[in-house]
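Each of the next two complexes has chain A plus one more chain, namely chain B in the first and chain C in the second.
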Partner chain A sequence: MFDWKWDFAFEILPRLLWATLNTLMAAGAGYAIAVVLGLVLALAQRTPIRALTAVVREAVEFIRSTPLVLQIFFVFYVGPQFGLRLSPWTAGMIAIGLHYAAYLSEVYRGGIESVPKGQWEACTALSLSTRDTYARIIIPQALPPALAGMGNYLVGIFKDTPMLSVIGVAELMHTANAIGSEHYRFLEPITMVGVIFLMISLPAAGLVRLFETWVRRKLGMIR
Partner chain B sequence: MSYLDFLRDYGPRLLDGTLMTAAQFLCATVLAIAIALIAGLMKLSHNRLIRTPAVIYIEIFRGTSLLVQLYWIFFVLPLFGLTLEKFTAGFVAVGMNLGAYGAELVRGGIQSVPRGQWEAAYALSLSPAKRMWRIILPQALVNMLPPWGNLLIELLKGTALVSLISVADLMFEAKQINGSTFLSAQAFGTALIIYYIFARLIVTPFMRWLERVMARRIGRA
Partner chain C sequence: MKDLHDLSHYPLKLEGPDRPMVSFRNVTKRYGDLVVLDGLNLDVAEGEMVSIIGPSGSGKTTVLRMLMLETIQGGVIYVDGQPLSHMDRGGMLVPATPRHLRAGREQIGMCFQHFNLFPHMTALGNCMEGPVQVLGMSKQAARERAEDLLEMVGMIDKRDEHPARLSGGQQQRVAIARALAMRPKVLLLDEVTSALDPEVIGEVTGVIKKLVEKYRLTIMMVTHQMGFAADISDRVCFFYDGRIEEQGAPADLFSNPQKERTQQFLSAVKSAD
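== the complex of A and B ==
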């Protein structure tokens, strides 16, 4: 290839691999927040309180239709204005966790709505508490149809972590930029970041598909 | 400084940014639709020489981040002798990224057209081009319009990244205003609201309208 320097590429590889760990950590932590918070957002839309449903619904729409990178800036810079200083990591995790929580809440909502009405009626007939109804009857059945969407967003959150570089989280993109400006060479670092992303996200997407089929088979939904 | 004062002082700049975002959105949308159509059709081809490039393109652009692609196009492509101006680099990156996602929608839309429609077109001995253009694509279009609505929202959000190669879009102006005034809540908050209005009051209603019109035109409404 044109001006590709293999020795330079090998020299920066360890740094990029370390940064990959940070990227994976950021994606994992952000996803953990999103999985829990998403469930809260989904359940908050199912309470008898109409106003709460409307507010949460609109908030989810708002988060879903505005750019993540802008939300990251917002969380990072607005805190200090009111005397609350957040580290780049904390701010980044809050922003990306909240963003994907909004997406996951829609996935959960679809899952919950796919549970047949008879299941709810049976719970009422057995006079199960709301807590038991959700925890033991509805959510276990709502989960399998939601798994595909959840897996896709896990890959999605991984691919969105480069946006954290804008507030200085030392993940892959940030490290590649730093290497680029130290050595005045952007060809190798940025290309290698792209290749690393491909090497992780393609197998991950494949695994998500396999896992989905496995769960469906386990539950007897397909043979 | 009250919020109204803020809007009076910085409103015009945010408006300029919004116009730039709208320009990026339109250019990227046109490019994404063209690419989605071409790559989606290529992926359905039975000829491996035609299908493979489309598959590689789709997997690369869906498997990496938009930000990585944007930086690659802006910083690395010039090393291969192809220098794009930042405005062009911006919408090309966004359009190529979302075009890869759109290609899958095109493929799915075409595959969702019932077999009988293909067979009927054969029976009437329409040419392959005519069959695709007059029979299959219009029906595929109606099927895939709802997911395209979501995709265009993603595309709008994607355009915010072009601010990182200093295209003066809405995000860029908000960042500049924040840098000079430290009024973060006002600057970023207003930008968030403008993006929201753009998505909820312009893009989504337009797509709903288009869905209704197209459904009526092929006699489904």
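== the complex of A and C ==
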């Protein structure tokens, strides 16, 4: 039925595997940015400075309600208009990191809000500083409920990396497309990209769940 | 009649050997338009055990929370002679900064109805947290202090357990040890036995009794246990609608209440038992 050519598939495999590394790097770097920046966005919404809280709130809402691919385009093509000339990689990491930071900030916010009020009061009663209250008491308890959401977005960011191909980041999708154009054959490269994504996504989701259990146990929170 | 909102009528500090450990002067607490406490005056002497009783919603918890968790809208609160709700700025009392409040509150400990232990830390970790992070003690010194206190409340065997594996009575005893680890001058207890099964209440009241009789700690205790309050208090304050309706030595207040509302409340509590 299909005209699948194994020898062609093997020929292009090394190039695709190489591109897989780029995809993983893009997902990893984007996620690292998102994890840290997301926390900043979440905490900024809890400061007593009303104006800051409102601005961050709106920015998060804005990022969440516009498509990622648009944001990637925007940073890469509109950035130079403001004197911000970025390489595809840098622009891509900024766009995808920011995009997922907005989502993760909501996950963190949910986690922080799930910590009972009594925990905050206990911190005040012990005169813990705001910093210690967050770092030692609130965030460790906000983490387990946030982990499931964080894991979903880790898989999500990985699956969204093909969008970086639109600005020429040489990740999997971009490479498969290039191979297709060179050889006038798309069946093998595109199918293989699908299989590679599947082979990474599925175990990743499982690993995330194991990690979640491990963290809960580590924090002594398994009843 | 002096203007109670004019802060210049309040002393910058309370001096002298008889000065109270805690002093509420004309303290008003509002939530929005709701006046919860109106012009509260209450002094607690050093080493005194004051119980606060009264119907639900009468403002008992609020009295304690003003010392530890809330700002006030009128009056001044002093702790150990120094203003807590306010501070001295060039000979004038001005509302306290968060920093001043935190420093003042380091002298106060509080225990809650629902314990509020840190679930991700062991009993020992809970008791070391304040001394290490706030008082800057070494881990070693904080551990020794925490172990002494856990021993005192009878929880030393469970020092490495997380709260989820402790009963309510055990958790509350750890919470008392955690508060004491900060060496507070005043301990606030808000219905610390209300969430406990009847058979373990004695574990906790036993510890409180020890604090009163052996250590003579200054304690303000909100409670529904009239028998216990009568047993260990130096003074009992009956709150009604945000005011102290009646106060006195437990023997007087419980056996010979003067006010009608006190009589009603006490007989209602008695018939409920």
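Just so it is clear, the second predicted complex is superposed on the first by the 215 of 223 C-alpha atoms of A that agree within 3 Å, B and C clash if a C-alpha of one lies under 4 Å from a C-alpha of the other, contacts with A are read in each partner's own complex, and residues count from 1 in each chain.
In this text, contacts are C-beta pairs under 8 Å (C-beta built on N, C-alpha and C of every residue); 3 or more make two chains touch, one makes a residue touch a chain.
All values derive from a computational prediction rather than experimental measurement.
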Chain A as common anchor, with chain B and chain C clashing or fitting: fit
First, second, both or neither for A:E182, with chain B first and chain C second: neither
Which partner, chain B or chain C, touches more chain A residues: B
Partner chain in contact with A:G118 - chain B first, chain C second, else both or neither: second
Partner chain(s) touched by A:L219 [first = chain B, second = chain C, both, neither]: second
Which of chain B and chain C A:E11 touches, first, second, both or neither: neither
Partner chain(s) touched by A:F62 [first = chain B, second = chain C, both, neither]: first
Distance of closest approach, chain C and chain B, by C-alpha atoms in Å: 28
Residues on chain B engaged by chain A in the complex (per definition of touch): 59-60, 63-69, 71-72, 75-76, 79-80, 153, 156-161, 163-164, 171, 174-175, 178, 182-185, 188-189, 191-192, 195-196, 199-200
Chain A to chain C touching residues, read off their complex: 116, 118-119, 121-122, 124-129, 132, 136-137, 140-141, 219-221, 223
Chain A to chain B touching residues, read off their complex: 2-3, 61-62, 64-71, 73-74, 77-78, 80-82, 159-163, 165-166, 173, 176-177, 180, 186-187, 190-191, 193-194, 197-198, 201-202, 205
In the complex with chain A, residue positions of chain C that touch it: 68-69, 102-103, 105-106, 108-110, 112, 114-122, 129-130, 133-134, 162, 164, 178-179, 182
